[in-house]
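There are two complexes below, and they share chain A, which is joined by chain B in the first and by chain C in the second.
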Partner chain A sequence: MKMKTLAAMALAGAMAAGPAMAELVIPDLSYRTGPYAAGGTPFSDGYQDYFNLLNARDGGIGGESVRIIECETGYNTEKGVECYEATKGEGALIYQPLSTGITYQLIPKATADGIPMHTMGYGRTSAANGEVFNWVFNYPANYWDAASVAVNYLLDENGGDLSGKTIALVYHNSAYGKEPIRTLEELSAKHGFTLTQLAVDHPGQEQKSQWLQIRRERPDYVLMWGWGVMNQVAVQEAANIGFPMENFIGNWWAGAEHDVTPAGMAANGYKSLNMNRVVDYPVLGEIKALVHDAGNAAGDGSNLGSVLYVRGMYAAMLAAEAIANAQEIHGVTAVTPAMVRDGMEALDITAARMAELGMDGIGPEFAVSCENHGGSGQGLVQQWNAADGIWVPLTDFIAPDDGVIDPLIAEDSAAFAAESNITPGCL
Partner chain B sequence: MFYREAGDFKTSYEADSQTFPIAFDRWRYWAILAVAYLVIPFVINDYWASALLVPFLIYAIASIGLNILVGYCGQVSLGTGGFMAVGAYACYKLMTSFPDVSIVVHVLLAGGITAMVGTAFGLPSLRIKGFYLAVATLAAQFFLVWLFNKVAWFYNYSASGQINAPERFVFGVPVTGANTSAPAQYLVCLVFLTFCALLARNLTRGTVGRSWMAIRDMDIAAEIIGVNPLKAKLTAFAVSSFFIGIAGALFFSVYLGAVEVGEAFGIQKSFLVLFMVIIGGLGSIFGSFAGAAFLVILPVALKVVGVDLLGWPTDLVAHLQLVIVGGLIMFFLIKEPHGLAQLWRLAKEKLRLWPFPY
Partner chain C sequence: MSADFLYGIEVIINGLMAGVLYALVALGFVLIFKASGIFNYAQGVMALFAALTLVGIMEGQVPFSHLINAILGTEIHDFGWEVPALLAILLTLIVMVGFAWAVQQFVFRHLVGQEPIILFMATIGLAYFLEGVGDLMWGSDIKTLAIGLPQGGSIWVEEFTSGLGGDGFYGFFIDKLDMVATIVAAVLVIGLIVFAQYTKQGRAMRAVADDHQAALSVGISLNFIWVLVWSLAGLVALVAGVMWGAKSGVQFSLSLIALKALPVLMLGGFTSIPGAIVGGLVIGVGEKLFEYTIGAPFLGGATENWFAYMLALIFLVFRPQGLFGEKMIERV
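Right, the complex of A and B next:
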């Protein structure tokens, strides 16, 4: 019991020492440790650096400075809940946990507390139905979009016909990895390809048997829903069995530099989806000059411009735009979480605005509405060039097959609404 | 001076064989219960509940369960995570199949189902012991996690394989789901912990507990003096799994609200609870509490000190946390192999003689 009193005193001290709530508080539930740190670190760096850039260049958003509270989750749901509870009292405006498991945990909590969540390209796909998930947003795209974009790309490659082909799905055996299965099953029925499912258990270092099966069955294409250390192991294993890399497509969480560099030249030609184009944007130069050179870089500053860094920065940009929107709608600068939610729901990202922000063409154009929290759902396909060490965008943004996805979203969100006694409607 | 048996006259057999023979211990016990039931619910907030107290209460139930098996009956088990998963999934299936039945009944039934599963996996203990039994229970751990991942019926065919706790009420107050208040969450776990701890304490003081300890100390000798090893070992597995099942059900329904079996109930959970039992003290109910408190509160306290007070980078603190917790585990095992409970026992011995030690 003595231990508890000590901890209590330490906690009370920490809470009393917290500064007053006069600024815009953005929690960053990051993970820089554990088997998923390779992905969590650059995302968090990009996320924080962009807000630091806004602070340094514009004095925050609408004149209010941004305060970031970082909390390490280690991709662990228990720590994620602890981080949420520790930060929500500080006036947190928006949560981005970068973990599907933590998202599932936080959806009911954040909804009850009235704090918006933005789960960009991860989390619960059916949150795209804003009438059921009032406080959860997953624009610009979700997992089912990713599955459909990948299949549409393959359709394009094969002259519009996938019948008789086999596609193997190598997935992380968790909520994250299982999300696309239902969509892929629907698509396989629609387009006549055979779908093989190969689960890889957390953390994903052991994949020999899965790739042995791929070697035996020789599928035409392999899709991968991987994250963390699983990706680099998969790319290495694919290289080991001599699977043609150009027929191996990862989703947008399985296509960063650190996933392919360990396999060296053998990874050349590996493809992945991406929800944002990665080129040398002017805004990266500003971050370098105003944040990194001023010594305020998040992390060690080595990730500037990498795939997941750009995605973290993109997420921060969308959050900042939503906050600016909220300030405009409500006419106050010190916005509340509920106002930020309104700002997110009225978000309209145009090509002109992206160019103005120094990130021309970083993502698709999309507008959010009460009914649609999911954005346009577009994604592009990029390919790894091992010799130059860069990801080369192969296509422009590809649209998903909404005819397949929309009924699935309606079905899954209706099930959630029934289960948790929600009457769908706009706030 | 005040902590001693002298002067406390027992006039009945009940008084003579009560749990706390020293008057001061009895007052302390009632004082802790009073604080836990009458003070904390009024001051608790969401952070305290979710970060410290609710996990502490739930892990305390789990470590009491494991302590019965490992500490009292001497059967090493690495299947705790798997058995917690059985409790969680049983609770989920019951909650969604019979929404009108009280959640309290569901949690108890989930404990009962886990007891059956635990007994089935305890059968090998009749033939094998020590490390070999640990490996057999390890198989249970992996099998159960695989099962809940593989068979979609367990998660009601949801797209993601996640299970979500629907809202359920006790006396009209929500205790699961998003609208649960911190005191409700805390009190429901506290009631279960009190019930489990009283049950465990009294079981271990009676015939059943003595037969477990006889088996632990020397199984052949116990068999010769008439202890039935089949009965003793299987009851230990059943009772232990009952508690662990309750802990798993509460962990899912009250604490987290949504779980994914591989992440929440993996092998690391088995080790965590085993560490709690070892650090707290094998064969001690108090030790289960102390071990759970140590391993739940220490990481949070380190984080608060490192990140919030000293302002260090979060990744550095997370890594230091592993180093410090690991170091402390080693330190305790070397300095006090019988765990925190032994330190407590020594302190009480000293207190008896204070202020005139000889």
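Right, the complex of A and C next:
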């Protein structure tokens, strides 16, 4: 009798409350504190503000509001894993770890839990092979693409011939920093340039030895795979030794405003890759009007339109498009992580769609498939204009050398599949 | 002379300059350890906090503005004025003295007589607390330190020395900022020595360093001396923060410069100001020369961090008290 009464009360309560409002839960593994906060904060602001815009303007995605759960990782791998464990039970649909270290730890966990992960331009490069990494996506480009895009740009600058040239790679002495070495070695053999490798120990505050070596050896170009304080010190040291800044190219994690501003005018002309073009998009105006002016900004509003803010916004757009895809494929609005994975695998980002979203040309056109989770791999080159304090896109999106990169991805992913007992295939 | 030989000399010169920067950080550790027996884990964070405060004051930033805005819903960020560098340095020093007083008043006064490990743990807590307060006060973005310090290699030195070698030698590279840091460090050390030798407070500080009980018995206030010592460590932290911050911008990685001071302390001893200087120079030259001759050509580079510790370890094995440290003799 008592049980019947309780059940009736519960049913009555549920009916009185009306139909349950589903939410699309998106965790944001951010880092707003610690040594890497200058990079983590604008990305997180852009990521959250775009979802806030969708909530304010469209009522969410497909009528379902987005709930963001922010968790501070401090760019610390252990904390990142804790954040994952703490948020996955909330119904997390997709993770953007924003750290190669955290990504490596989460690959087996997210795969076991059936939650898709988007590691945009970072993480495990061979995750581009979707037949091995069913739950991991690294579109629109990866580290090896970046190395190849840089070399293709230099080929273009040198009339298609780099033979006899010397390229120095200044890299963070970590798994992240060493990522482009194999690709650059292959490209060095193919194009006949000499590759010099200069490792910089973490955190990169002291680089005098490396830049004295560059001054002695006078390479034609310097490429940099840096992050955090290493970037600011490298730009300053390059300026100190009088290295031509237009011949100094950082990867896309060494090309934000805060990487160059400490060096002042001396940083003028420094170049970097970017996976997303940074211009004044109409969507930024919408975010200003509907999110910031409404008092719902994720941060203090000061990062709006910066390189990493736009990248965070771009990442959110790609996630939102995948969710919308999932809703369309499965015919439901309250999607599950598995459905979002299907949406990611069916993603087709066209120029028309980017323009429609108020982000005309923000990224390259690309389509994702079961076999290719890495997108087109294209990147562009931008240059710092110190007088105006802006990054200026120098090129259109440049394609990588798939002939070199695809075999490397196949080799590395096959090794991972063998050691993890994975039988490659589509879900 | 061959270019390789001349570049070797260039590496030594730059190693000496880098060593001065390491010694600047190590000095703060020595001051506090000598006077109070506390190994101050927070010294690196103090350098960060001092530099953050200096830039914040110079730019007229409202302290805790993010917190104020979040609580009150306001949009306050700065006062709308800029403070000249010298005045800002003075105001920062006042803040660091206030910090020294607070540390003594609220932490170490309550830990008198505790084991050294307890005091060390307290400084770990202090480090994280201060880092958090720095973040709340001034924000976590990277700040440009614009106090007019010169940057770049000295063209004069380069041109003057370029004729020493053949075609492959481009003259010595010496960073102007490193030259300034060397002069500032020299002035700072001379100032500290003069202060310790010729002032009443300095002599009291030395007396406390020698024997707490004896100092107390002649009427020296331990509380005052420890506030004084933490204030001096704050001054040293400000100088170190400014010099390192001028290279990279003022950012939270600055706290990690403490890692560069540890091998210097192991080598120079925890209780000697000249030891910190000589230790810094030995580590600076040693790591740069090793990287130039062996690390980069044969070991793939990035040897400086571990080589500095290995060098310090070798010294530690043969001379545990460091080059200039006081030898501990305990009779039983």
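Worth pointing out:
Note that the second predicted complex is superposed on the first by the 406 of 427 C-alpha atoms of A that agree within 3 Å, B and C clash if a C-alpha of one lies under 4 Å from a C-alpha of the other, contacts with A are read in each partner's own complex, and residues count from 1 in each chain.
By definition in this document, a residue touches a chain if its C-beta (ideal position, glycine included) is under 8 Å from a C-beta of that chain, and two chains touch if they have at least 3 such contacts.
The structure presented is a predicted model; accordingly, all values stated were derived computationally and were not measured.
Per the definitions stated earlier, placing chain B and chain C onto a shared chain A by superposition produces a clash between them. When the two structures are aligned on the shared chain, A:His292 is found in touch with neither chain B nor chain C. When the two structures are aligned on the shared chain, A:Asn173 is found in touch with chain B and with chain C. Looking at the shared chain after the overlay, A:Ala199 reaches both chain B and chain C.
With both complexes placed on chain A, chain A has more residues touched by B than by the other of chain B and chain C.
By the touch criterion stated above, A:Asn240 is placed in contact with chain C alone, chain B being left untouched.
When the shared chain is aligned, no partner comes close enough to touch A:Arg57: not chain B, not chain C.
By the touch criterion stated above, A:His258 is placed in contact with chain C alone, chain B being left untouched.
Applying the stated contact rule after C-alpha superposition, one finds that A:Lys208 touches chain C and leaves chain B untouched. Looking at the shared chain after the overlay, A:Thr33 reaches both chain B and chain C. Once the two complexes are laid over each other on the shared chain, residue contacts for A:Val229 go to chain C alone; chain B is not touched. The interface of chain A with chain B overlaps its interface with chain C at residues 32-33, 37, 41, 173, 199, 201.
Those residues of chain A whose C-beta lies close enough to touch chain B in the complex are 1, 3-4, 6-7, 10-11, 13-14, 17-18, 30, 32-33, 37, 41, 70-72, 74, 76-78, 81-82, 84-86, 88-89, 100-101, 104-105, 107-109, 111-112, 124-125, 173-176, 178-179, 181-182, 199, 201-202, 412, 415, 419-421. Chain A makes touch with chain C in their complex at residues 32-35, 37-38, 41, 173, 197-201, 203, 205-206, 208-210, 212-213, 215-216, 228-229, 232-233, 236, 239-242, 258, 261-264, 266, 295, 300. The touching residues of chain C, when paired with chain A in their complex, are 7, 10-11, 14, 18, 66, 69, 73, 77, 132, 135, 140-142, 144-146, 151-153, 170, 173, 175, 244, 247-249, 251-257, 260, 288, 291-292, 295-296, 300-302, 304-305. Across the interface of their complex, chain A is touched by residues 32, 45-47, 49-52, 55, 96, 149, 158-162, 164, 166-167, 177-179, 256-260, 262-264, 266, 293-294, 297-298, 300-301, 303-305, 307-309, 313-315, 317-319 of chain B.
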